[in-house]
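Going by the order they are written in, the chains are A, B, C and D; count residues from 1 in each one.
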């Protein structure tokens, strides 16, 4: 039992931190530009594939550095030549643009790398057992992922709290219309934020690719969860995104470990619910985020830590 | 000609078109396809009640289509099992009721909010419902879904609805009724307030309307028509499974509406017809058809935000005032470079698709536009890139002229209009 | 004369900042009442509080004797209070006529009706045409509101506000940004539409204020410091010091 | 509204498009086999491989005289892994005069096609179509939803489990078994039969876990592995396929889980690579109807030729070979390619199989019974030729279950044509 709890906590925190690496960029982009970027998870996927391609040609570490930068550049280009063009048609058009983009990216990835998962391996330098509890092992690579995510978190925190750019971004989070008045080149700020957000997602992809799976559906699997995170956390709230990421990471991981069903709790009277009465918590673990989303929006429409209505 | 007469005439023409289509395209595939178009038209129009009319972007509209489909298929089986004297043409009413019911249930949660949050809730609810349908196998039949035999119901004036042609006419009648009803809805006080809420929700509150209530009613009515579409779909396929309410289905209806044009009542009809056609036949021509769908969507969002209907709409005053002739020279000059660009893009995609996906197992030899070529050699690539570049440059050179011609003609036409 | 609008000890804070600080105001029925005050005094905030756009931290708002504090904007509108906005707030994609008609529908009891054709509603259409005439936009019948000139949009803004026939009308800076001739035109319009109704307006142009208002209230720093006839306000020492003085010397 | 006339004109224009639908033309001495499987989207990689099997087999058949003297042509149709789309594509095929259909991916698609064909034949006597199923294994297809016009060459879930549990029965080291399956009809069916058969054949085995997880949605199986570990299981039985088996094995390796894996689909695309990566030498078992490394010489030759032809693609479907050869024999015996005649001859046919032994097409439910092989995956033994996915590892037969031992009862009550 103790090992189950330990490993579930580790896995949950890890998953939560990965989510946050993406949700932070998504929140920044949404708060400043009003664009809910459907293609954000696609940048995560591109990151994983670039990481794979570079690591099989040169090595994992060059990919670790280069792939996120490339993804960031792609993100900036998408903003400059795509989003900015659509901006004049309003937020719905922007949202739909990213929706279409996500679709195209998936198709292109399938064309270039095939429909099956690619063999993106953990680098040999990290391919060992980090520690052993009872007789379950925990791979070093996962510790590395955790470390990277935490490092990124600290970095982001310092940038936001200690630098001028961070102050502007914070101002933009709470008062989106004010940024233009600060005398900054708004389009360029947008492009930079979009690029950095994409690069962060790309970095998440590079490190998650070998541990999870690098395949064309990885974006579509993760994308909706990201929206859940930022809506549950509160649109425009970085702290909220952080809390929601960890919450969803832990809830989803622990839910898997629970075998109880409605029938176990209320007895045979659960039969009135038909099949639903016999479903275990573990079975529905992946839909718990959506349940959470609906509940939060019903009872606290601004999200856990948000204060913006839309 | 007064507006009312024109509208009546248009619907009369629509009815005639629905009636004679099977005479023009009598094959079984064409009948199936036209039946599906009828279903898609109702579905896309119901979606546009949200997106185009009320400004609500939903990523989960298929939920109502699918759930109503299940209700309809269960109703069919129940009627057959208990030998109740209800015939097939009345089954869509079950769909409508089911759609309305689920619209009320989910709408009461999701229409509390508008904008992005509404979009997210629709997405979340969609995922939840799909998950539940897979879990509740008893009701939804798992991945296989639930099937029925439509010919086993009580005959309707001697029609058993086994043959597709009879089903086509059943769908045509329902399609006509729904299109007329949804059109009529846009001409009511409620329909107008939907537009008002879309344009400026805040102001709508200050003229006495609860935007939340407007959204809720619009949502319920939209779900009702989606329900009719779901039931019609169930009748065509005699089968409903969880994919009918999946995110893909929701995305498809969004694609139809948007490509057709959300700003125009008839836009989604064009979109529904076109996308259904492409969906069924494009996959015979190219294996990269999904990519073309995506590109088409992005193209419309970026350059044609009004969709096909919006494009046609822009030219209406010009055509009306008899000035379209003046556009012809510059438009026909554009036709060649546009064709060149299209050919170049399609060629490169096909070449790339063959080289990346099929060359490994089938060799790099292929046929492109009927010409034998080899995707592993440089020549076809160079030729296509050159074609694309030349066509692109020519396009850039003549585009300003065409745009100017349009602007002049448009200004003249609008100036001339009363 | 009975009271149309009564605000009692109204307060509103945004975070730690209190914008409206114990505001008291009474407007009699049939009165033209102007609110003046320096920028940032809380005039627009007060409008928002009365019309339900935002809700007060404490205090009450009464409309014709009924407590409307905390009601939603549409509920307040249905009780006979209609307002315009300082920043033009119309339905840009609808035609001018449709804009006006949207303002008429609820008042005539058509509510959410989806079983009647709007073009067949004789009373609603007649009423909308009437308002179109009144605001002088009849020639712009089928023009999308979004492409009207600024002055026309301001007129439309007023048209939507009065279309429902509310007996308490609140106008937020109706002449802001207008030229002299446009302002004269607007004043005439406001005079016309406010006949037999209660009018509350915020206005910066003193000639408009003193030309139109029966009573004037001066709002400074979240409180009403004086509420009286134009002559009395002109003579009020506190007002001159706090507000008019600056204005006069400027 | 005046827009309506314009809208209608646009509609009419678009509606003319069904002209594009190919009109039926059937060459006289050709017989076409419609292959309805995913050729785009996520399922395409598997669908393409199936198509190659049939194209290769058609060539083989044509070289040997074809089907009752007629040349066979395979016509692919893309069903996008969607049951409703499968129905549309089947309709399209029949419209083109194709009356022999085959499909394999997804029991939901199979059920849709089987029901469509049955209803079609019922409504169009004299123009019957027939459906050969090479890979959809839901038992329901040969039980409650069985059809006279459906024949299945793959072993159904319960037959495979009968074989697998017969093998497990004789392995005393199995004491604690953990079941993990995908939460949809196949996975749920799998869970049911494994529970029943393992308990019946080895009452001493303890089932320490019985897990259902969402289909193709899990990216990290670590939490499940932690659970398996905590349960103390020594063996895992799973019906997972695609990424769900690859990721499961990967997570197991990461956590150092040392158990034996009894699977249906570890041999699917990506599976062998994942096993090699995790280093689980001869600890992952699967159950099939043949294994190239231990097959008769003719089959090994076939495998070599096939791999050479298609860039190393493995013969995944020995059953497809059996299917085509048995259909050819039926056509030859009947002297006709009429579906009705072929169906009559296929019933109760006994036939020497590709991988040795004899197959029997049971008349009661149209299920083929054949010897089943339990294989494990590990480094190739000396003299063995076939590795998988370039890993250098290959499959090795560990146990054979005779066809007689796999016979399961059926509830099928099919309607036979008079």
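One rule holds in what follows: a contact is a pair of C-beta atoms (placed from the backbone, for glycine too) under 8 Å apart; a residue touches a chain by one contact, two chains touch by 3 or more.
What you are looking at is a predicted structure, and each value in this text was computed from that prediction instead of being measured.
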Check: If you check the contacts of chain C and chain D, which chains show up for both?
Finding: B
Checklist line | Chain closest to the assembly centre - both centres taken as Cα means | finding: B
Next item on the list: Tell me which of B-D and B-C has more C-beta pairs in contact.
Entry: B-D
Checklist line | Separation of mean Cα positions, chain D and chain B [Å, integer] | finding: 34
Item checked: Euclidean distance of C-alpha centroids - chain A vs chain C, Å -> 47
Notebook entry, point to check: Using the average of all C-alpha atoms in each chain as its centre, how far is it in Å between chain B and chain C?
Noted result: 44
Check: What is the distance, in whole Å, between the centres of chain A and chain B, each centre taken as the mean of its C-alpha atoms?
Finding: 31
Next item on the list: Pull out every residue in chain D that's touching 2 or more other chains.
Entry: 44, 183, 214
Check: Can you list the residues of chain C that touch 2 or more other chains?
Finding: none
Note to self: Two-or-more-chain contact residues of chain B, please, as numbers and ranges.
What the structure shows: 131, 135, 137, 288, 290
Next item on the list: Work through the pairs of chains, note which ones touch, and then classify the graph as line, ring, star, complete or other.
Entry: other
Checklist line | Set of all touching chain pairs, with the criterion as stated earlier | finding: A-B, A-D, B-C, B-D
Check: So in the complex, which bits of chain C are touching chain B?
Finding: 51, 53, 72-74, 77-78, 82-83, 85, 89-94, 98, 101-103, 105-107, 110-119, 121, 124, 160-161, 163-164
Notebook entry, point to check: Which bits of chain B are touching chain A when the two form their complex?
Noted result: 51, 55, 57, 109, 112-117, 119-121, 123-125, 127-128, 131-132, 135-139, 251, 254, 258, 288, 290-291, 293-295, 297-298, 301-302, 305, 352-353, 356-357
Next item on the list: Report the residues of chain B in contact with chain C in the complex, numbered from low to high.
Entry: 184-185, 187-193, 195-196, 198-200, 202-211, 213-214, 217, 221
Note to self: Under the stated contact criterion, what part of chain D meets chain A in this complex?
What the structure shows: 42, 44-45, 183, 211-214, 216-220, 222-224, 226-227, 229-230, 243, 246-247, 250, 254-257, 269-270, 273, 277
Item checked: In the complex with chain B, residue positions of chain D that touch it -> 1-8, 10-12, 14-15, 17-24, 39-41, 44, 48, 52, 77-78, 80, 82-84, 87-88, 91-92, 94-95, 106-108, 111-112, 115-116, 119, 122-123, 138, 140, 183-186, 188, 214-215, 310-311, 313
